[in-house]
Amino acid sequence: MTTGGPPLLRGTGLAKIYGNLVALDDTDFSVDPGEVRALIGSNGAGKSTLIKILTGAVMPTRGSVEISGEIAPLGDPSEMIRRGVACIYQHSNLAPAMSALDNIYLGRQPTRRFGFVDTRRQRLKAEELLAHHGIDIDLDARVGTLPTVKQKEVEILKALALDARVILMDEPTGWLAGADVVRLHDTIRMLKARGVGIVYISHVLDEIFAVCDTVTIMRDGRVVAESAVAEIDRPRLVHLMVGEKLARESADAALHQRRPRGTGAVRLSARGLGKSGVFADVSFDLHAGEIFCLTGLIGSRRTELVRTLFGSDRFDSGMLEIDGRRVAPRTPLDGMSLGIGFVPEDRHREGLMLDMNVTENLAMATLGRHCRGPFLSRSGMVRAGRKAIEDLSVQPRDGSKVVRLLSGGNQQKVLVGKWLSRSPRILILDEPTVGVDVGAKAEIYAILRREREQGAAILIVSSDLEEVMTVADRIGVMVSGRLAAVHDAGTAAMADIVREIGGGSA
Amino acid sequence: MISRKDLSLLILIIVVGTVVAIINPRFLSPINLSNTANLIGLFGIFAVAQAFVIISGGIELSVGSIIALLGVLFIDLVAAGSLSPGLAFLVVLGLGCLIGLLHGFLVARVGLQPFVVTLCGLLIYRGIARYYTEDATAGFPFGASFPTLEWLVAGRLYGIPHSLIAFLLITAVMGVVLHRSVYGRHLFAVGKSEEAARYSGINTTRVVITAYVICCALTAVAAVFIAMYTRSISPSSHGNFYELYAIAAAVLGGCSLRGGEGSILGVVLGTVLLQVLQNLVNLLGIPSSLNFAVMGSVILIGVLADQQFSKRKAG
Amino acid sequence: MRSASAALALFFAATILLFSLSAPRFASASTVENLMSGFSFVAILAMGQAFPILVRGIDLSIGAIVGLVGMIVFDLSLILHVPGYLILPLALFAGALAGALNGVLVVHLRLQPFIATLATLAAYRGLTYAISGRQLVPGLTTTPIRDPWLTGIETYFDVGRWLGLSRLVNMPWVPLSFVIMLAVFAVLQVLLTSTRFGRDIYATGGNHEAARLAGIRVNGVIITAYALAGLCAAIAALIMVARFTTATEALGAGMELTAIAAAVIGGVSLAGGVGAMFGPALGAFLLGAILIGLTLQGVPQFVQQIITGAILLAAVGYDRLLSVRRQRRLSAPSTAAT
Amino acid sequence: MQEEKTNDRRNFLKTIALGSAAVAGAGAGMFSAPGDRPIAVGMPRARAEGTRYKTAFIQWQPHTVPAAWSKGIEEVLGPQQIVDYELLDGQNKVEVQVSLVETLISQGASVIFLQPIDSVALAPSIAKAKRAGISVITLNIDATEPHASHVEMNHYYGAMDIAKAMGDAMGGKGKVAILNAPPGIIIRDQRTNGFVDGLKKHHPDIQVVADQVADWDRKKAQDVLNTILAANPDLGGVYGVNDSMALGAVDVAKEKGLLGKIAIFGNDGETAALESIEAGELTGTQYTDVYQQGRLAAAAATVLATGGVEAGAFAQQSRLLMPYVIATKANVGSIQPSQRW
């Protein structure tokens, strides 16, 4: 699909270093007009960082970006937008109190003289856009009141409305159902025909084979391969994504350590759990001494489900039993007293106190234990902390280090360690290795396996299929708020799971 | 165990103090020090109280009105002889807790913004105080004296005012609560990140409510001290703007209005700095019309310096 | 938001009705006139205050800016004898500048708005004392400002006679300050709802990061919001100076809280990004109507204070109730991201 | 002394009654040229039989002085069954006072007692009240707009006398400090200027070493004076611009054993100050019978409200100057309990 002339968008030698974490390491990247380039890699491979640099959201440590052969100023979103680079972000980037119409044209409403918004033209353009892409949205509705899928559509429209020359899409189908995905792909093909360059990030390999021309594969902050989609097959793709060593390791680990289902007693039993409008009729058992992975698309309600198990949300139908006793945890405190530990997905917001030190974070869930009378025993806390740091091999081995300054992997170890210090009978982890480098990932897996050996029941929510295949004893696939299938990890084929995640049996 | 932040504040106080002492050596006279100490004691108590709420991520704007209301009540109860001073103190303390409970409930349970809740408190309590006395000044009748009570709250021990001693005691206890107890840890956690605290199994609602109760109870103690110090209270102006004073002291002392940051030592130093500045303005004969400007600028500079400092630390 | 301002208008109407029935002489042309002349500047302050709140800030210094601008006008007119037509733009400029300085402190020095404007509150008030012509030239304390450009703001129009209705009903005379308030309202409302800048304000307050990524110059937007608050404070100061024919050092003291209260009653959310101009303006007049009505009824002023606090609490409580209900209704589709 | 006082009082009442009547007569005779002065709404004189006259006092902010005035006013107006009276709070804010005046205008009040925060700022409102046929009586602080009557204890000359008395007590030399009010209210300026001018005139050797704001407040005065004393231990005199601040100074002097060494003067003459003078603590204060001042104002108001005097009819305002004394230990005993407020 390459044409003559300079690429539409080209990044050269881009690098981004956070503290001592190298998020992106001297990466080159380019898109040509009319090209749909897939950008894939496991979580933490550096895709999002690359995207953020290209949109100006993040200032790279070094490197340069050219648009149509012209050097673009970095770290300034408005400059990138002016040069025709649009992005659909993975996380919501809307102003919830404003109308859909205003969100679509956020920061660039068409104006008449004196900065007056030309509301008539704005509306006409938006309606034209809606008709053109066959999307149906109430333009006057406040975005905060729209269902999440509609919000995603607003985001897509926001990018489309820009008449951008390059559109970056970070997991655009995460919230969309099957038919909507097809429609989005039609849109992409139409844009492509107009000569727009598209960067398409997705974990769903089917989509990549369906819509992309070329693929760039990233791992550990570098580009490891580039290829035309037509010239590459699925196993090779997965292999490149995960890396030789990990692929072998995980295969080994899986072979040696995978357990047959149902060896231990049933710790947690869900029967027909539901929360209206969110998920429905979810039934499964979680056994002592097993790792059960829940996978699925972003937006398939896995997080919502496990939050109700812990008590930070409530389910409103069905039955939950823990150790054979019917329970309905209403607060995290309830969940904890039932012996559940919960590592939330957003470790910065919900998991850690970033400005507190390692020791304090480790002790956060077990403060009551470090008390002498009403007083907190600092020495007890420090002792427990030191032991945990040893056990988890947190780097650096310094309990007084502020957590914010740790790398993602070590932050995650601290968060896991916080719960392990309670010796939970059930441990729930939501995307435990997002933003975690490969080495730390393996260490976290080892920790989880050790816990499993000691009889804990572990439930992991993960979008990272390689991770699922590596650590799971059993795999559950969630699709649109339903538990679509449960497999034994030993016998499941990755291809089947990928298909099921996409929502189709076909 | 003194943080660098507190250390820099201490150095600032010493520098300011030295400069003032050089210009006017009477700054260090026992009388002046004793007076300043007394003021530090009086203002420090409710500054520490304010710190608890600020660390929880909230704000308490009704401090001045609470001081007026409870002060009026206390004087009235004692002067009318309807209650013994000790009982009256307990009543006032109880009322303080009740007010704190109400604020905490509205903030943590109902989910109203602390700014608004306590702004309403500011209006309502002052209104009640004025209603209670019908705008008359509440005071002890001339010549009436309560020797024990007066000695307890307004006396001096070896020249050290009892208000300062009480303040130091309260500070010590609150320092332990904040820095050495499970509750303190939980309070910081809630202020830092309410979500993360909730996921760590902390009962965030209870922690926040307790913060408001502590704040208002300590404010009640301060109200009694200040009432006995002034001996007469005009409910329409007594304690006006004390909340801003307390907030300024707490923020100067390193509390972040975003919550989750601060230390008792810092608040103490913040109070001391503000009082030394006040002292400086009077002592150096700076026209009192510039008093406001001086205070405003110093707060600004203090906060700015702190910001620069922490930026360097993080970067 | 629409339902909230409808509820406010309804509440306003109910209050008026209640007082008309119960308070002697409340339903009279002169009460309406008092309300218009005595609270137009409060409404302007409240509308100005709405801007910092919309971008998730707050401005505690507007009362001090009122005092500062008032004193600048006093000095320029009585000491330097600057003609009024020059004083007007200078005063507006000074107010906007003082406001913009708040914005710069918030944006570029990353101070929390509460602290930054608390400090400038003290600093501006101190500056007012320092430049006070009343202290510099004692004789001026009893000299009124007579410049027609300035005092002309305190003019009343007999609208009833123009319309030929004065024979039928006793129409209130409309003060120029009310007309100014309407003009400020119109301009700011148009600015907020019909211009790019208005959208940028909402976007910045609603989702700072999204606004930044959409290429909005959020820093400029925030500084402008504070400058607008300062500008409104200057307009209010001019109206007050015209009304009093002088300025005192204490002019505007404590008005920031009234303005915040009016804005909050008017549905401007302290969480940012929600609110418009109608609510704060009406909120100010609601507070005014309550004060006047209670005074006419002979209710002591300390009770008025209690009632004002209670109404404010009720207003935010009601707003909270609405949002909780909305949340509950939509909890299904809008739970936190995966 | 008491005899004299009562006589004074009678004389004053007579003066007022006669003076007002005279003014009224003059007004009726000379100024109500028909046609050129359309008499606006709320003409109190045109009331029907049985209607009540509404009066109100807008104070500066709650304080002992306005409270005593109010009590004096009530004493006179209370027994008059056709007059309603209420006390309103100006909250130390000009805009609040203005708004209250306008509210009273629309309420159709007959007489407004006013303690203006500022002479100029309230003038337009007074003019408006006059146009509406309402008589305004100012208390202690005059307004630049002529109005019905002004009843004052003079601040400027009183403060001059205080300066003289203080200088005498200090032996004509030494250092004095002023505990002042925050800027923004005109009595502050009048009293300070009077005091400073009085020192210049009577005791040019006395030096004002400090002029600090103590917010009208006893406690604040203690704090401020403590610091001033630290800077000037040889202070010979303190002038508190009101009695509360002077009493705060007394507290400090008592604590430091400086009673008798520092001449402390207040202003107003409230009961607590007089008792303190009797106890030999406070040196002196400017005393006037504020109850009486209120009664006089009320008497004038009665005439104005019911006597058919038209508010717009005044070419000049009447001024009622209250006699005052500089109360010191020597003469304080002659102030009777009923005159203490």
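We just call them A, B, C and D in the order they show up, numbering each chain from 1.
Definition applied: contacts are C-beta pairs under 8 Å (C-beta built on N, C-alpha and C of every residue); 3 or more make two chains touch, one makes a residue touch a chain.
Keep in mind the model is a prediction, meaning the values are calculated, not measured.
Fewest steps needed to get from subunit A to subunit D, stepping only to touching chains, is 2.
With centres taken as mean Cα positions, subunit D sits 34 Å from subunit C. Rounded to whole angstrom, the centroid-to-centroid distance between subunit A and subunit C, based on C-alpha atoms, equals 45 Å.
Across the assembly, subunit D contributes 89, 91, 183 as residues in contact with two or more other chains.
Touching two or more other chains at once is no residue of subunit A.
Those residues of subunit B in touch with two or more other chains are numbered 130, 135, 236, 289, 291. Those chain pairs judged to touch are A-B, A-C, B-C, B-D, C-D. Subunit D meets subunit C in the complex at residues 41, 86, 88-89, 91-95, 98-100, 102-103, 105-108, 117-124, 144, 182-186, 189, 193. Across the interface of their complex, subunit A is touched by residues 1, 190, 194-200, 202-203, 205-207, 209-217, 273-274, 326, 330-338 of subunit C. Within the complex formed with subunit C, the residues of subunit B that make contact are 59, 106, 110-113, 115-117, 119-124, 126-131, 134-135, 236, 244, 247-248, 251, 256-258, 289-297, 299-300, 303-304, 307. Partner subunit B is touched in their complex by these residues of subunit D: 61-64, 67, 89, 91, 180, 183, 209-213, 215-219, 223-224, 226-231, 233, 256, 271-272, 275. Against subunit D, in their complex, subunit B makes its touches with residues 24, 26-27, 29, 31-32, 35, 39, 130, 135-137, 142-143, 226, 229-232, 234-237, 278-279, 282-285, 287-289, 291.
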